[in-house]
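Some notes on the structure that comes next.
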Amino acid sequence: MFMHNKRLMYTVRVDAPDARMGNLILEQFGGADGELAAAMRYFTQGLAEGDPGRKDLLLDIATEELSHLEVVGSIVVMLNRGVKGQMAEGIGAAELMANITGGTDSHTTALLYGGGVALTNSAGVPWTAAYVDSRTEPTADMRSNIAAEARAKIIYERLINLCDDPGVKDALGFLMTREIAHQKSFEKALYAMEMNFPPGKLPGEPQFTDKYYNMSQGNGDMRGPWNQGSEWDYVDARGEQAAVDGGDGAASVKLSRSEQALERKILERTMSDPDSDPTTGADLGAGPGAGKTKKTL
Amino acid sequence: MFMHNKRLMYTVRVDAPDARMGNLILEQFGGADGELAAAMRYFTQGLAEGDPGRKDLLLDIATEELSHLEVVGSIVVMLNRGVKGQMAEGIGAAELMANITGGTDSHTTALLYGGGVALTNSAGVPWTAAYVDSRTEPTADMRSNIAAEARAKIIYERLINLCDDPGVKDALGFLMTREIAHQKSFEKALYAMEMNFPPGKLPGEPQFTDKYYNMSQGNGDMRGPWNQGSEWDYVDARGEQAAVDGGDGAASVKLSRSEQALERKILERTMSDPDSDPTTGADLGAGPGAGKTKKTL
Amino acid sequence: MFMHNKRLMYTVRVDAPDARMGNLILEQFGGADGELAAAMRYFTQGLAEGDPGRKDLLLDIATEELSHLEVVGSIVVMLNRGVKGQMAEGIGAAELMANITGGTDSHTTALLYGGGVALTNSAGVPWTAAYVDSRTEPTADMRSNIAAEARAKIIYERLINLCDDPGVKDALGFLMTREIAHQKSFEKALYAMEMNFPPGKLPGEPQFTDKYYNMSQGNGDMRGPWNQGSEWDYVDARGEQAAVDGGDGAASVKLSRSEQALERKILERTMSDPDSDPTTGADLGAGPGAGKTKKTL
Amino acid sequence: MFMHNKRLMYTVRVDAPDARMGNLILEQFGGADGELAAAMRYFTQGLAEGDPGRKDLLLDIATEELSHLEVVGSIVVMLNRGVKGQMAEGIGAAELMANITGGTDSHTTALLYGGGVALTNSAGVPWTAAYVDSRTEPTADMRSNIAAEARAKIIYERLINLCDDPGVKDALGFLMTREIAHQKSFEKALYAMEMNFPPGKLPGEPQFTDKYYNMSQGNGDMRGPWNQGSEWDYVDARGEQAAVDGGDGAASVKLSRSEQALERKILERTMSDPDSDPTTGADLGAGPGAGKTKKTL
Amino acid sequence: MFMHNKRLMYTVRVDAPDARMGNLILEQFGGADGELAAAMRYFTQGLAEGDPGRKDLLLDIATEELSHLEVVGSIVVMLNRGVKGQMAEGIGAAELMANITGGTDSHTTALLYGGGVALTNSAGVPWTAAYVDSRTEPTADMRSNIAAEARAKIIYERLINLCDDPGVKDALGFLMTREIAHQKSFEKALYAMEMNFPPGKLPGEPQFTDKYYNMSQGNGDMRGPWNQGSEWDYVDARGEQAAVDGGDGAASVKLSRSEQALERKILERTMSDPDSDPTTGADLGAGPGAGKTKKTL
Amino acid sequence: MFMHNKRLMYTVRVDAPDARMGNLILEQFGGADGELAAAMRYFTQGLAEGDPGRKDLLLDIATEELSHLEVVGSIVVMLNRGVKGQMAEGIGAAELMANITGGTDSHTTALLYGGGVALTNSAGVPWTAAYVDSRTEPTADMRSNIAAEARAKIIYERLINLCDDPGVKDALGFLMTREIAHQKSFEKALYAMEMNFPPGKLPGEPQFTDKYYNMSQGNGDMRGPWNQGSEWDYVDARGEQAAVDGGDGAASVKLSRSEQALERKILERTMSDPDSDPTTGADLGAGPGAGKTKKTL
């Protein structure tokens, strides 16, 4: 069960309304790496987790992320309090228009969301659960969590770079730091599983585990620990990159007679004649006097 | 520049059409952890990468993932070749209906996509770039790549569990194994950056880096390396979890006089009267003779 | 700040795993009228609300909805516990395929989400913040909340109709009842604002407030309190439904000379010749010997 | 059957092109509370409605909303007529760039939609049927309609606040007023059903209908008609908010032996060791010389 | 202005409810090639069109498509009338579950939309304006319309193949035929513009207009009118496919000194060491005793 | 199999970073008519195509479009290289804020994507496979391809109009020209099928193929080759536009007795009373002293 205490996890002190900054900070409220995405990632994992240690960890951090969501949302609400009143009560069209069009998407926050706080990213795109990559397999999920914390840390860092309101900067610094702490916890939880690589249960096929295929070739080819050394078999020749199973590299399926007959009917109906020289719609459209496109371009 | 060779990277041999299995395998074609998501994740990172080693690595693997996309798509096309002909040419409504309603979303693949191959997941949800979490910061991106490979490995593992066509299983095994190899490469690339933690540039604030807040309490509280030991300061008391900055836990902003005046106008206009005892729409709707909802429920 | 207690708000007792039912109940976890939508609707309103009474109310119910989200998610996790193990460990392809294809979208829950719980609706569509209709204006928001509670009540009612597991039915009954209670609270909060109609601040224009335009005519035209009585002026004549301002019903804008000149250029470049008798691509495609489409159809 | 008359329902007179205002007004064309959403909400309800009175009402208003969609679209087209010509014919890059980047998303309207009119909201987000909350149950749908009209009224009010072109303002005033009239009609239709609360068919469970759970506690707790008086039982104690059914607040399911065996296999494979002290990837990444993260931060 | 007449454009006679078929037909109500997409494509074009002939044509067909939307929706409503009553009133859980899980997504239509009609496709995916490809340039838009009519015709054809209810089949046949007629009209409108190819205003660059790059090579290379004949210059050599402008095929930008300095800082901070041999997280996770991943796989 | 060569298909020379222009060009990277949409359209068709000529053509062009995607992405990366460094390293909040808020959505590219390149359109909307209209029927798909090339040509034309960097303009000119060439190829491929109209297999119903329904009437009615001449039967009378099958224009279905009984139950439960004069929520909300809304407006 969730409970709520009216004190925020971190005090929010904003110097002055700034709808433009408010719009950017939405990235961490309703954006891909924002606090709702974090909370829902860990909450869904926590509900389905069977290991008691990880279950507790996931619910602890899910709850903290909800508390962060509240801090971020409160910052946005404070930054938008100027435009909220202007939009609701009206202050003259020209001044209002100027106030909501500062070069971010604050116009949408003001118009559609009334200068409150919205579950969108900084471009006005509504939050989607497509951001939540929980897969109910801890050797994958813990890695997804580590990566998500790393991304969230970066977005906070960029927001701090953009911010010169000391109170907002202070709160953003707290939130950024907590992502570091959470990453550390998820790292510990990953390595507290003795065998976590490869993820899941099935082993890889030995002949393909250590191959490195040099698929992008030319000036700029590089070697490094990711494709050289005793762990790697570097495959450079184009011929050895195709049909690596030793087959013919074709796709085939066994069809029944009736399936074959149907397929023949499609092929006949839609057969293209390679020897034709048809006049086309483009030819017609290239203008009067032109028999074929060629002549008019 | 991309080039294409008509031989697949892995030969695809399918025993018999099976639209139901084809629909499930779409998860790795147009799904969240599928090959298009992988290719686009590494491709966007590779284009913006400045480090020559990682740039090469990212384009190598992006290209390989496109080749995997082709293998996966070819498997789906083979599995759907039965229903494709039936849908295009017609075989009788009852039989056709039975063939496309096998309990997955193959009905949509058949009806909308004609038994070809579609950029949707196994539920018919169109692929979205919201799946691509590239952030142009390698200490975050490499971790996202590691996690993405881990997730993709798991989905292939589940598909293998669901599959008893030996040729399909064989190709899925190859694809699953390559995700392991890619994960290894991205791990090497991450640790080939000498300092990769914390991600990005800014350090954390020392007083919050090692705190662990026990936000979810009760029967099931657990300790482990993620919240105990010399690296952690475990905060259990609810009072120490709120307003951790030592402030009052409130959100505030300094408003100008005109902003304050506008806000007062909103508050007055929409003030709720706590001492009122209003009749409501629900009261009206609870039926004749009922003054207030209470009486009729 | 949010806190979490490991006891659920309502005890969940499930008789036996049932992935099909689990998939349907996702509607109230990650669906349009589900508990996340409810929690986020009230939470975003609560953060931006200035009236102390409504702010408290909104945060109370937002927190309760999060607790409901946990109850719903726990039901789904219990219902999926059978297929979760089968998918992770493998039990033979044919049996597994049969278990995940029961005629709902449980195949996606199993394959992509591993038999955990996902923020999708019952069709596998990811949750989107487009479901959240908070507008930061209480005379509109309270009505949206009332409507949302009514919708959620209906979905629970339908799930109860579909359910014969007594423990699940019991929990669904509790959740359904709470939507009734919440609707009552939001009704009270709406009518605790003395003037809440028309919503917002601006009055309507008197000449159009009481008009009822009979736009759909024919066998089936009906009168009732929504279009008859002293409050309504019923407009039936088609001529009085167009250009109701008394103008010419055209759209016009004053263009500068240079704008007019550019527009002329477009019109000339793309002018259609009403007197032409062109041969078209369709004519070409209607087959050999056919000068115009007409002849071949 | 729908018919169309070339006269608009309301004459549109625009003073001068203004792509920025055009972009904002898209909110009512392709936005969440816009006219397409309204038309489709009532149209889908009307088609499935069995009650003759409501069916007629819904089709009347659906048709009027389509006529409003045309008025709104015509306003946008007029406002964009300047940039449309400039984009199509070219007027010099610098001037054109300046004209389409006025601080809203008019750049996308100009570039992608050519200065026409697009089914997006003011942030460029494509319209989605996720906005349409029809549920085929009139006691819920009428409430959704009332709420939708209230929201639409508010957005028009905000647009009027932003607008100083008298012709546009005049048309927006008409459209806003009609939302008031429609709300009135839907209110009448709701209360023309004698029993409309609780919505749907099933009654609530008496022991939970009148409870108010004070889930958010602290400085700011308020009482009002929504949680006090004879209709309410106010539950404040945290202990009485958890497991309100009197059970243990846990989630459980009865598993078969084979299901239990599979679950044990997962748990063993992914068990976390609470007593371990693992070195993690974060430790590795914290830089040379650092055994554990702790030391380097 | 739109008006509505209660008679459908085509009479709908359904033999018996069939929720499964109803779900499939949603493809033409709320699907990508459905009637709403068609109506909105032509309506948005018609509003912004300056040529009087095409404007009239677009509004004629937009209005007819709305009338088709009504026919399609009415078919779905009739097909769902069985399950609608069962879902609303309850008929026993087992029977109801059986009735809504027939192997399409009818479970979502029943549960979320109450057996009415929904703006989703046959997989339950909500309609999105991303389907509408109007670009406010008639030489492109007419081609988009031709293509859209062709696609819609195909989906109706597939539905007819799936249908054995004579009344439904009859109505589908009418709707399919009208797509043919509309395609013919749009073809005429395209070719009534004397010069419609290349689309738009700018001519192509002569040296690249007639090149055909054979990018996909190997067993299966084909020649035909699309890449041979006097209109084409076939480029086969890989070397002539890269950097076709004669440059070095690199991407470059001139940076200021300060920009260069910042870039150097990123590169230094995130430089990967190609000569390192790092231990990675995957190495750690490969299990006890394994120094590097290699040894344990 | 795909291979990659590090030389771009076209050399990219950018004069100076320009994040605003970079944002607009995203339209062709991750937008509806961009290169990923093109590549995926042809790739999915190519995989499922049975005709050898079209299969080869589709894979040739799909591969070229991927190479274009790389060129477009490289342009964006170069244009963003200024803001990328500033965002990552920090240059002072005010200057950075000014640099990312130039009136397009470059703020989101900078903040969320770090000044790299993102699969979004120019409004920040993530790419969706809803843009891909492949239907596995070549007489429809070729037309979709023709239309898509026409749209892409137009967007490049508009970008060229907006651009004054000669190197960027040069590359955009190449890309625009290739869309013309591709359109020509797809036109040839369409007409290399001898019978391609009507699309698909089923013929139209003769009585409805040549009808033109004048659905939009009034001042502005036009005749042209799309609705006049020997190929057309122009239907003007409203009465002949409804129920064109000669029936009553109603929708009906045969219900079983039990289905009828259930339906009666719904109707009774939700019957609206046309003779009632109910007080409504709006009446209550219109303020004190007002019995009915009427009086107070």
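Labels for the chains are A, B, C, D, E and F, by order of writing; each one numbers its residues from 1.
Basically, a residue touches a chain if its C-beta (ideal position, glycine included) is under 8 Å from a C-beta of that chain, and two chains touch if they have at least 3 such contacts.
Predicted, not measured: the structure shown is a model, and the values here were computed from it.
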Neighbouring chains common to chain B and chain C, by label: A, D, E, F
Equivalent-chain rotation between chain F and chain A, CA atoms, steps of 5 degrees: 120
Interface sides of chain C and chain F: same vs different residues, half threshold: same
Centre distance in Å when chain A and chain E are each reduced to the mean of their C-alpha atoms: 22
Averaged-CA centre spacing for the pair chain E and chain B, given as whole angstrom: 22
Inter-centroid spacing, chain D versus chain C (mean Cα positions, whole Å): 7
Multi-chain contact sites of chain B, meaning residues that touch two or more partners: 1-9, 32-33, 53, 59-60, 62-63, 67, 74, 77, 84, 88-91, 102-103, 105, 112, 114, 120, 123-126, 128, 130, 135, 137, 139, 146, 154-155, 180, 183-184, 187-195, 197-198, 200-201, 204, 209-210, 215-216, 220-222, 224-225, 231, 238, 241-242, 249, 263, 266, 272-274, 276, 278-284, 293, 297
Chain-level touch network, classified as line, ring, star, complete or other: complete
Complex contact set, residues of chain A against chain E: 139, 187, 190-191, 193-198, 203-204, 206, 209-210, 222-225, 229-231, 272-278, 281-288, 292-294, 297
Chain E-facing residues of chain B, complex: 1-7, 50-51, 53-54, 87-88, 90-91, 93-94, 96-97, 100-103, 105, 107-108, 110-112, 114, 120, 123-126, 137-139, 146, 180, 183-184, 187-195, 201
Contacting residues of chain C [partner chain D, same complex]: 5-17, 32-33, 52-53, 55-57, 59-64, 67, 74-75, 77-79, 81-82, 84-86, 88-89, 91, 128, 130-131, 133, 135, 137, 139-140, 143-144, 146-148, 150-151, 153-155, 157, 160, 170, 173-174, 176-178, 180-181, 183-186, 188-189, 191-192, 197-202, 204-205, 208-216, 220-222, 224-227, 231, 238, 241-256, 259, 262-263, 265-266
In the complex with chain B, residue positions of chain E that touch it: 20-21, 23-24, 27, 31-33, 102-105, 121-125, 154-155, 158-159, 161-164, 215-221, 238, 241-242, 249, 263, 266-267, 269-274, 276, 278-283, 293, 297
Chain F-touching residues of chain B, taken from the complex the two chains share: 1-9, 30, 36, 40, 43-45, 47-48, 59-60, 62-63, 66-67, 69-70, 73-74, 77, 80, 84, 88-90, 112-120, 126-130, 132, 134-137, 200-201, 278-281, 284
